[in-house]
Amino acid sequence: MTLEEKLAQAETHVFKTVFPDSTNHHNTMFGGKILLMMTETAFMTATRFARKGFVIKSSEQVEFMRPIPASSLIELIGSVERVGTTSLRIRVDIFLEKMLEEGRDKVVTGSFTLVAINEHHKPVKII
Amino acid sequence: MTLEEKLAQAETHVFKTVFPDSTNHHNTMFGGKILLMMTETAFMTATRFARKGFVIKSSEQVEFMRPIPASSLIELIGSVERVGTTSLRIRVDIFLEKMLEEGRDKVVTGSFTLVAINEHHKPVKII
Amino acid sequence: MTLEEKLAQAETHVFKTVFPDSTNHHNTMFGGKILLMMTETAFMTATRFARKGFVIKSSEQVEFMRPIPASSLIELIGSVERVGTTSLRIRVDIFLEKMLEEGRDKVVTGSFTLVAINEHHKPVKII
Amino acid sequence: MTLEEKLAQAETHVFKTVFPDSTNHHNTMFGGKILLMMTETAFMTATRFARKGFVIKSSEQVEFMRPIPASSLIELIGSVERVGTTSLRIRVDIFLEKMLEEGRDKVVTGSFTLVAINEHHKPVKII
Amino acid sequence: MTLEEKLAQAETHVFKTVFPDSTNHHNTMFGGKILLMMTETAFMTATRFARKGFVIKSSEQVEFMRPIPASSLIELIGSVERVGTTSLRIRVDIFLEKMLEEGRDKVVTGSFTLVAINEHHKPVKII
Amino acid sequence: MTLEEKLAQAETHVFKTVFPDSTNHHNTMFGGKILLMMTETAFMTATRFARKGFVIKSSEQVEFMRPIPASSLIELIGSVERVGTTSLRIRVDIFLEKMLEEGRDKVVTGSFTLVAINEHHKPVKII
């Protein structure tokens, strides 16, 4: 498998309905729940790229461009942005779809750095 | 857009990490949580195909072929199986990936029937 | 204990308030949460009948006859429908009660098949 | 309906599996989750007795006689203990069943006082 | 460290936003969720005072003086009320702050008794 | 009230027990749950400083210096880092305490930018 095929295969998609249990008092999705889902998506993308154990080292800037209203659908897409020696930087974008209309917009974007570890929790090489 | 393009576009993917909070005392994913996620995936697939409001009418047989161990990754894939006058039948398959190995297996499959409704909760035509 | 007494004793009741955290955007209980609760009720009914470990093999058709509005009470009742060699079929019915009115209606019904397993996850005889 | 029939009918049963997501680091059910479930049971018992809106006024002493291990079943039983002018005192007992053994023990007991209110949140007569 | 310093240091603060996922149909915080948070606060206060393992023995009367509306902030404050031989009584008070106004009111108060245990689950001396 | 008093008063403390339901398969607190709690703390700190409605605009770099093991206690502390015209930058630090030992360490640190909005969701001045 070429690196390009590997990168394509590692891309990880997560669709989610914005139910009332993840909204705040503005009736939009709570930012903390958004970051929770982005982190899980980043973790899965890294794991599926390298098939190693991973822990999060940092989240880089995450930009919330537009609020996500209740009763919409979102898709999180995780992709490998940079391959380091023992770490991966993963970008996660979120697209918003209204339930009753075609079309979608990117509404959140951010990056996360994860470190590959072995069973003794020591960093190991990615490739 | 042809029906085939529409069907392809409606296909809905949801990756998920099997965290301790969704397992049972066998240390495998609790069947109820699996059905919860399948139902949400079926709902999103129907919504994205027809861009109507939907309510669930029935789940057809869902077969749990193999247990899903904690600390694995799963992918749910929802696809439109049958287009009725006011209802859609959606199939949801679940594929299991081990974190540290390539390869995947289908472990759960089932179908769900959803009815399109208008704002007065009356059935409406799908197309 | 006769089989009839055993069947009566295994019947399992679960009352639940439909709080906002289990509703969807139609302000009714999300179908996935309903299936989650039915599966747990089926599991407990099987366990209490046979006092064995159980895993779910399949859910048979589950029919959602009427939506369950937020701020109602529901009762799930699990009962043994069929005793197989190594499996049990459990029926779960859900009854809806309005908070401020007497009376109740059956709104959901479905069946679940569970297999009795030993500590090596191999099927064992029910009786 | 006599008062006795009414009291019998209001008795409210809730079976629950002690899944990993409600345990603490002693691998027993977290006391806070127990109180959460008792309060909901008390609320449903009061509502089903009087068919009024209810808010909690106080929990009386709740005694935790024995820890509830993970992977057991519990049954909460709510019953009307005292009928006041605008309030009800509800007792909630919890019985513990091991999954693989017959028999059960009472492990928690406590009482809760709830006040009946109208749509303006003012206390109203119970009967 | 004097006892007074120890008591001051053990005081445990927990701020919380009242999100839709913890409210009931009156659009106020569900009493069960309040007791859940109070129990966790009591547990942390006891642990931080004595640095022992603790299990809950009883909750004393908890008084709900005023409902807690959705979209407010609350602060739970846990403090050691009485030091017994093998147990601690912890008081937990809850203060309510409106999001858009200065000022706060005490709205809930109650006490919890916890017992210090060793690794064999036997009571041990607090000091 | 001087700005200094206002800043001191806005400091927001949240203690939390790391229960099994927030851990990952390394038996440490899942990074996504950490970010969820940090965002809520940042939101409460901003709200308590300015008594305005707030939405999140971005999270700046969040550094996870050490994993947070299950069965520990953490304290999140939110403080105002920078007062802009219509926005606040809030820093959130997390301190880790072992249950059975005195002492604590800072294990996570990061900043969040929130924008003050009025009832039409338009930015408004902080002071």
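We just call them A, B, C, D, E and F in the order they show up, numbering each chain from 1.
Following the convention adopted for this analysis, contacts are C-beta pairs under 8 Å (C-beta built on N, C-alpha and C of every residue); 3 or more make two chains touch, one makes a residue touch a chain.
Listed by chain with UniProt protein names: A, B, C, D, E, F = Hotdog domain-containing protein.
Everything numeric here is computed off the predicted structure, so don't read it as measured data.
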| item | value |
| --- | --- |
| Joint neighbours of chain C and chain B, given as chain labels | A, D |
| Shortest contact path, chain A to chain C, counted in steps | 1 |
| Chain B and chain E, separation of their C-alpha mean positions in angstrom | 41 |
| Rounded Å distance, chain E centre to chain F centre (Cα mean) | 21 |
| Chain B, residues touching no fewer than two other chains | 17, 20-21, 30, 40, 43, 53, 99 |
| Topology of the chain contact graph, where touching chains are joined (line, ring, star, complete, other) | other |
| Every chain pair in contact, whichever chains are involved | A-B, A-C, A-E, A-F, B-C, B-D, B-F, C-D, C-E, D-E, D-F, E-F |
| In the complex, chain E residues that touch chain D | 26, 28, 30-33, 35-40, 43, 53, 55-64, 67, 110, 121 |
| Sites on chain E touched by chain C in the complex | 20-25, 30 |
| Residues of chain C defined as touching chain E within the complex | 17, 19-21, 70-71, 99 |
| In the complex, chain C residues that touch chain D | 12-17, 40-41, 43-44, 47-48, 51-53, 73, 97, 99-102 |
